[in-house]
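Following this message is one structure expressed as structure tokens.
Chain naming follows the written order as A, B and C, and within any one chain the residues start at number 1.
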């Protein structure tokens, strides 16, 4: 009886899931306010674009929540709320700074949602997932290989495939991120049968090597980090991982020795103010305008950072700081931590180690990328020019982020409950 | 499953690292925000190197000294006002470090970490700043200095309000003679970017005798009964302290009246190194004063390696001693205020565009520099100086108390002329103002500094006296 | 209009920040606080000493190694990583993960994987265990002949023996025979309580029983919504609601 009582009090501490209609309404309010601010500060020509983009995006949100919340009667929507919110901030920045690219970004967001839903469906069946791992690995390698051969160089990295004279340009390395996590995760029975990491090390090595050849060092670093996380989760083999890290470090040093121009990229590190009109131009502007925004921001369209090159991509953090305020910027960053903690919490109760590993790898990948972006651009770490997940402009990376969120969403068993199949009385 | 979830714990470390990084980042933002936001690359606040986002700067009466009109910084239309107030207003490029446009640039833009530059965005300009000085008085003081370099400062020794701060040479900021300043060979613009009142350091000369006298009153009980013999110089250890006159045998009060070096060298020797150092310490020598955002140059007094002869020289304000004019003004103000020092202030009020007051000047008390009895005795002595030596007719109707100084800056014959000093205050109840005048290489304190002081104090009387 | 816009811009700084912080922090706290619901989904009984091993993970590793979920450390015939017991959509499976001595289900060696059901005997080397599923993973066919995904269903878990009752539509709890959960005890009314599904999710209501129904220790009047982890007490029995 005593244990029962203990269980009862424990049970009361369980938190009820977020009531999504209320929060979705608040989020819509937020996005409408953003839209109105852009309208006030914007030009007349871009009004049609503005209303279309926001109309479609808000409609997409409501349709998603209607279908999954009311028709399919799902319960927990925290991750979707976060994702939609962050994407909304990114969309606001793009629409406000580059009205002519807003449609492209909107399409990317919608594609991202489709990727999310498809990924969730794919992940619903453990058997299907296991069957798909090898083809996905081959496709990923092929995609990177093709990029290496026919890719175009934009901003010093040969990681773009441009189709139809600039009509559509995609970054395969972003999409391969999803595949990289997918291939890395495995079920417990698979882990126990093949306890060596050799195959995965080969796959990861090939991916990272090709990224290096493309000179996309930021993405290569993210891949390497994800590889370390997955390898550790799979094997717990610190010795091998230490060995790999040492090898990578030596390789990095080797590159710096034989290709000194790579080191030049980091010459402004910790010295941006001395190069404020040279290599540190963007970072200095970011720091100045980030603190100019204050805790509450200057309002969308009132910033000055937007006129700096690549403001919505490489400097997305500063844009959020200046126009939305430092409070929002830091809260946004905390959500990445929340995703990791959530994945850790749920890893023991997932339907398979596949889901645990995938969610842990995906969430820590997002966190690591956010860290590289934020700390890089603020000169606490060397600047690698990676984007801020969900918020930076970029179609491929938007789809990648939504794809990664699907892994995190899939860790919770309740994601696949079909409440709609239960009869009602 | 169990093993995996145990391994997943390592990711908590990653999350913690990230959160720690965010903490560091926030701290970096918070602690550097003022510095970063005030960079000239910040186009919210600057156009080129000009601080366009600052609000208006007015004097005590509300006359506009500087303001931003259509994104351009404009100054008072009167050329004399622009020149005389150059150093308190400052330039927008930041050459004049103690000018309020530089020292108070953050307050002027209204920048703060919470709201950022939002107010500048909203109203088109930042906060308005009212100075405590009176522009017309500054013009009078500037003109009174004539062709000489130097500084004049006047403040209310009861409230601390600085009503006049002038430093010469200056230039008209609306027509800045950049070429002349950069290619200056005649010394015409020497130290033009420095406000001599706040940042200057001068040998105090005879004005330091006030301090030696204070130390004597505190430490020698029979000082008023002593007699000193002056033969034109006083020999100490083979050297000698020269006097400007031959005063014969005189008492303490008379020695101060006629500013007898021989007598004060003897007094300094009697007081001794330790007591004199203690007195100067109590007066704030070797100590850094800040008035709001403005840092004063630090007055120096150091007898640690002084011989007896040096001590004698130090007693008459020579040796290595250097005094900041504003600091000297505080000391004299403290004497007038019964020993209680009052901190001067330059900024009367800072208001936001919607009328909120950000900063309002209030009287801040400094240290108790002298005991009340010492202050009373010094008041008598300083009054006696004017009454019995300089003559009240030179300060008509002002009832001045004070002391001149002639600070030797060159030991050779035919070297630079000495700096002329005058420090003093009016005894009148309705005119609680103290003044300091330094005329660089102006010659004798009595002949050069007193007319300047008189002219300025007469104007002060016209403005504030009843 | 101008005035409205400027006022709107002024206010929206705070409103936007407020909404963003509320929304994100609400989600963050929710993510931090939500804990996975874990329950005993099956048991393995070691026939040698009748000791019971509770299975509460979807995947459970079995082997001699200390890092296995079920560490059979004393048995020399068990490989270090011997087998994996996994709950999949279709039911329970046992996988032989390249063990030296193999895995036997009901005396028959399996090749790689084999589905198992309640009461099966599984041998790992010389360890023989009986498998009891607590109602989990049993394929349930609905009227269309479709295999319903049992993971979908809400269920009531009897805290006394960890057996699960899957909820479909309405569920009556009481002493009478026709009740879905029949509890033949004197202090329970004939039709004591009902758990049923509405548009707002599962609800519990008391059917005017003599001794009352308790939800998380509080007496139920009318209908109350149920959330995962709630405990319904009827007489001496307690059920945890899961979904």
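Here are a few things to note about the model shown:
What we mean here is this: a residue touches a chain if its C-beta (ideal position, glycine included) is under 8 Å from a C-beta of that chain, and two chains touch if they have at least 3 such contacts.
The structure displayed is predicted, hence computed values, not measured ones.
The innermost chain, defined by the distance from its C-alpha mean to the mean of all protein C-alpha atoms, is A.
Chain centres here are C-alpha means, and the one lying farthest from chain A is B. Looking at which of A-C and A-B shares more C-beta pairs in contact, the answer is the pair A-C. With centres taken as mean Cα positions, chain C sits 80 Å from chain B.
Chain A and chain C have centres, each the mean of its CA atoms, that are 32 Å apart.
Each chain gets a centre from the mean of its Cα atoms; for chain A and chain B, those two points are 58 Å apart. Listed for chain C are residues 13, 57-61, 67, each touching two or more other chains. For chain B, the set of residues that touch two or more other chains comprises 1-3, 118.
In chain A, the residues touching two or more other chains are 188, 236, 295-299, 334, 337, 341, 348, 353.
On the chain A side of its complex with chain B, the touching residues are 188, 229, 232-233, 236, 276, 284-285, 287-299, 302, 304, 322, 326, 330, 333-334, 336-337, 340-341, 343-344, 347-348, 353, 356-357, 360, 364, 367-368, 370-371, 374-375, 378, 380.
For chain C in complex with chain A, the residues that touch the partner chain are 5, 8-9, 12-17, 19-28, 30-38, 57-61, 63, 67, 81, 84, 86-89, 95, 97-98, 113, 148-149, 151-154, 159, 167-170, 196-199, 201, 216-217, 227-231, 233, 238, 240, 243. Those residues of chain B lying in contact with chain A across their complex are 1-5, 7-12, 14-15, 18-19, 21-22, 24-26, 28-29, 32-33, 36-37, 39, 41-45, 111-118, 121. Listed in rising order, the residues of chain B touching chain C in the complex are 1-3, 118, 122. In the complex of the two chains, the chain C residues touching chain B come out as 6, 10, 13, 57-61, 67-69.
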